[in-house]
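Shared chain: chain A. Partners: chain B in the first complex, chain C in the second.
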Partner chain A sequence: MLKPKHFFLLPALLTLAAIILFPLIFTVRVSFSSWDVYQTGLDFIGGRNYARLFQDTRFWESLLRLSGMSFITVTLQYVLGFALALAVWKKMPGGRVFRVLFLVPMMTTPVVMSVIWRTVFHESLGPANDLLSMIGIGPVPWLSSATGAFISVVIVEVWQWTPFMFLLLLAGLVSLPREPYLAAAIDGASPTRTFWQVTFPLMAPISIGAIIIRLIEASKIMDTVNVMTSGGPGTATETPSYYIYIRGLRDFQVGYSAALSLAYLVLMIITLTIIAKLLMRFLVGKDD
Partner chain B sequence: MAEITLKNLGHSYFPQPKSEEDYALKPVNLVWEDGKTYALLGPSGCGKTTMLNIISGLLHPSDGQLLFDGRDVTNKTTSERNIAQVFQFPVIYTTKSVRRNLSFPLECRDWDPKKISGRVAEVSEMLELDDILDMPARRLSADQKQLISLGRGLVRDDVSAVLLDEPLTVIDPQMKFSLRRKLREINRQTGTTMILVTHDQSEAMSFADEVVVMKDGRVQQSGRPEQLFERPENTFVGYFIGSPPINLFNVDVKGDRLNCPALALTDLPRGDLGPGALQIGIRPDHLNFSDPSESNAVAMVEACENLGIDRIVSLRAANGELFKVKSRLRQKIDVGSKLGVSVAHKDVLVFQDGVLT
Partner chain C sequence: MGRTYNIIKYLCLLAWATFVVFPFLWALSTSFKDANAVTSGARYIPWVEFEPSVQGWTSLFASGSQGINIVQPFFNSASVTLLASIVSLGLGTLAAYGLSRFSYKAGFVKNSDITFFFISQRIMPPIVLAIPFFLMLKEIQALDTIFGLVIVYVALLLPIAVWVMTDFFASIPKELDEMAMIDGCTPIGAFFRVVLPNSTAGLVVAGMFCLIFGWNDFFFAFILTFTETQLLPVAIVSLNSSVTPWWSLSAFALISVTPLALIAIVVERFMSRGSLAGAFR
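What follows is the complex of A and B.
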């Protein structure tokens, strides 16, 4: 029974419908159409876009590439972020300055930052090769070779998002209870044992949260790739979101890119759920 | 196991304390005998945890010395002192099984694995944890986790003392009783000195051979539970020990005798007391009801609380002073009715300026 109080829900419901439900349902509808630059309208072609998607090796390759890239970047971000957080966790001179400095990369606009890094990695003009030449290395084809471009994107991602890990893990560290550390000291545990037996297990829930958030963000990597390599050379750094952008907004294959987006969304939800469960089991040992 | 001596031991959290007020623990001399159970009792912020942390080595005292069996350990680290400590909230290694939790301190000391498993079996049997040795420790109840914390201390054969920092706070009342009994049993079995920090007087009295009462960083009295109850050295101890607290009455000095108008006591010997504020203290348990028509002291009932077997009766004396009586009398007591009150002279304590004479 509708009562006056239910109308108070209306603004939130309308906002939800406008920004989530409508785009989602519309994308589902578009994915069953052949909407492109020649045929601009909502016709119905059944599951043809999805059938095409299964044979689109470029999409699956980009997905595989993204898996590798996410794994490497998030692992490095976690390890470096944790190490930095541990370094400034205990009171040390200038600790507060470091805390602020570490956050600068995260606060920079991704496109601006990518442009700067593209200059840094420029083969003849960039300071990266300049510095390497001083120790007799190079010149390294940073952005013109497949491996170099992949590594460059990884470096930039790690540089930009390690501070995020650092921030979350530091927040976790400062909120840890004191007693387990006192108990470990009384039990005679060495600093290494204390880290593995006390700090790491206590940090497991926040670590999982931070890793999952970063994996979600890493799966959307697009601006760095677009500015630095445009997915190249060839398709060496092409990620699914960049590929979907090419198909939808450069080739104007709107129907097909809608099917790609939905497939990608479903795959991401399934994969991230499995990863979260595995991390929970591995790090927290949650078996109930 | 060791005899623990606190020699002028005090601590201030200020780098340069200016007065005695700046001390969280005012300098104190105490000797704790080997193999006994002790309780540090006092309200929150009285310095008992500070004292415990100094003994365990988690805090370095600003003043004095700490001796274990006459050996100065003031500058020794926690692990060098061989202290075991159980905290208010159970501390376990969440990723390990009960067995691995118990063996952890021995692994840290590089014991032989065979020796470790033998020792763990011994301690787990004593703590009745042997059935759940292979369970993940995180799945256990709070009291079982607390037993594991204790077990990690007992498993070592070099423990000087077990320090218990309010370990029963998070335990259910039913389990509290059995865990306290278990601690006593372990003390009798192993002869390990145990020091319990608590603000619960019944916990302290039922656990310890000797209770140390503290207030504002100062040790007020140290003694056997019955001593603290029967002969509190000052009004604070009288007030803090016993439930309800001791009743304090005003007295008049008449020559060499003291009169207490509230209870119509006229023949209390004054002794050789000098000038100073005098009061008498009587435990609510030591006051008896009598027929108002046959009693010199008559008081009016203001409230009556039923505690099951006992009743706490709040009364107002004829001169307006309020006091309480703990009674097992089963007769009906109405609010507003009058009751006669009497006390044996041996149960009357005289305090001068708050100190027992």
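What follows is the complex of A and C.
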């Protein structure tokens, strides 16, 4: 029954299934219970947690906020990452130094850098306001105002993850075929035209891949928010992950947080699938 | 036209490079400050704007109530990340090779579904699994241990290894293994003797991604450990919430991000050779 081909697949498959399946099934079960601080253990209360979730405006607001935040950060990362990759694509003096530097932020630990960024954005002692005051701006209430906190998180996310886009897009650029460029040069196409007619279409598949991966990772954002703003001020930077964390592990409403997290998971899968399909249709002009 | 364009390009690259290195330089400068230099507003250049002090660095290795122990968390982080990366890379490479060369079928489940099962784990928000993981590790008495964290991190890193290696093996011609099998190798022998030695580029890329995502995880380490097995990110966040001075925090942060930041040099080398392209497609 066991063939050589099973030797390759089964160890990984069984390991992952063993680690993931129990927690997932357990979460589904708990989401139908009223497990909380006062009553630990598994009872069955039907879909009451799910009914409550539909009226939880704080949850839906956090989802809306996450959509906005992901859209802004991933768009910025893509545009900046692509521009930087194009700039250092061809051999140039100092090119390798720039390439290495541009990769560094994605290698650093988000929470650790968030600790540093918090000191950068400190309103009276940090350099952000100090440097802005030199050109006559400020003081900006970075972490104490709703807009300021949101922008701070966006800046840190762009700093941290533009390198990831840069890496994937530059790897794609390096491996592009040469023939289309020769053809474009013979036709006398301008650099701008060559970009839109040759480079961009050839890069479409890898662009989609990079955008999807970043959207997936952005949808889970929590560490940065946790350290920089703790979701605040108020709930101005609260993401679904962080809200579920508060409900589940601070308020200890385990049953309800399980329902929240499953709803969140399902919504993410649906949304990301739709986005992937749409991107495919618009950038490559085909389905799958 | 060419000249102006070049000048503008370099200025933009310099601007971005400044943005990239700014937090590191700021942390480096802050790590040599004392209370005076921190509380009197933003200062940048040692000796000119403030008198440097090394207490931020010495406090990390000092013992007693004043000291912040960085050695133990560093060692813990390194062990957990390395162990989990090795296990994930090993299992992931085997699975990726299997998925790229053989066809599996169980009911309606086919190769593409299995690949999707692996990779889709990345969509799972960590928070969904946090409480069950906690209970699971408590059950097998692995809370607050390196072993327990390794189990959890394997689930986190295995999808990455499978993802990178599947794309990589798709770019290695099948004729390579077929030749080996004509020469009398079993499928398993062909993999170990012929395919694996030719897969260094893919393995390095996959390994680096495992190291990055393992070393940089905070959430699971935060939930699943307390005091015995503190990892670096957890240690720094617990310092951050107390009254720890900025100079110690900065020195701590720099030590904990430096090992991985050096990986950027390796990544760049592979990228320039075009070796990443196969791994990312």
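The rule is simple: the second predicted complex is superposed on the first by the 272 of 288 C-alpha atoms of A that agree within 3 Å, B and C clash if a C-alpha of one lies under 4 Å from a C-alpha of the other, contacts with A are read in each partner's own complex, and residues count from 1 in each chain.
In this text, a contact is a pair of C-beta atoms (placed from the backbone, for glycine too) under 8 Å apart; a residue touches a chain by one contact, two chains touch by 3 or more.
Because the structure is a prediction, the values reported are computed rather than measured.
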Which of chain B and chain C A:208 touches, first, second, both or neither: neither
First, second, both or neither for A:66, with chain B first and chain C second: neither
Partner chain in contact with A:165 - chain B first, chain C second, else both or neither: neither
Chain B versus chain C as contact partner of A:179, first or second or both or neither: first
Touching partner for A:143 - first (chain B), second (chain C), both, neither: neither
Which of chain B and chain C A:262 touches, first, second, both or neither: second
Per-residue touch tally on chain A - higher for chain B or for chain C: C
Contacts of A:193 with chain B and chain C, given as first, second, both or neither: first
Shared contact residues on chain A - chain B and chain C: none
Complex interface listing, chain A residues touching chain B: 177, 179-180, 182-183, 185-190, 193, 197-198, 201-202, 285
Residue ranges of chain C touching chain A (in the complex, touch as defined): 9, 12-13, 16-17, 19-23, 26-27, 30, 38-39, 41-42, 44, 91-92, 94-95, 97-99, 101-102, 104, 114, 117-118, 120-133, 135-136, 151-152, 154-155, 158-159, 162, 186-188, 191, 212, 215-216, 218-219, 223, 232-233, 236-237, 240, 246, 249-250, 253, 256-257, 260-261, 263-265, 267-268, 271-272, 274, 276-277, 279-281
Residues of chain B defined as touching chain A within the complex: 56, 58, 78-79, 83-85, 87-89, 91, 93-96, 104-105, 108-109, 136, 138, 149, 152-153
Complex contacts: residues of chain A adjacent to chain C: 4-9, 11-13, 15-16, 19-20, 22-24, 26-27, 30, 80, 83-84, 87-88, 96, 98-113, 115-120, 124-127, 129-131, 159, 167-168, 170-172, 174-175, 205-206, 209, 213, 216-217, 219-220, 222-223, 226-227, 240-241, 244-245, 248-249, 254, 257-258, 261-262, 264-265, 268-269, 272
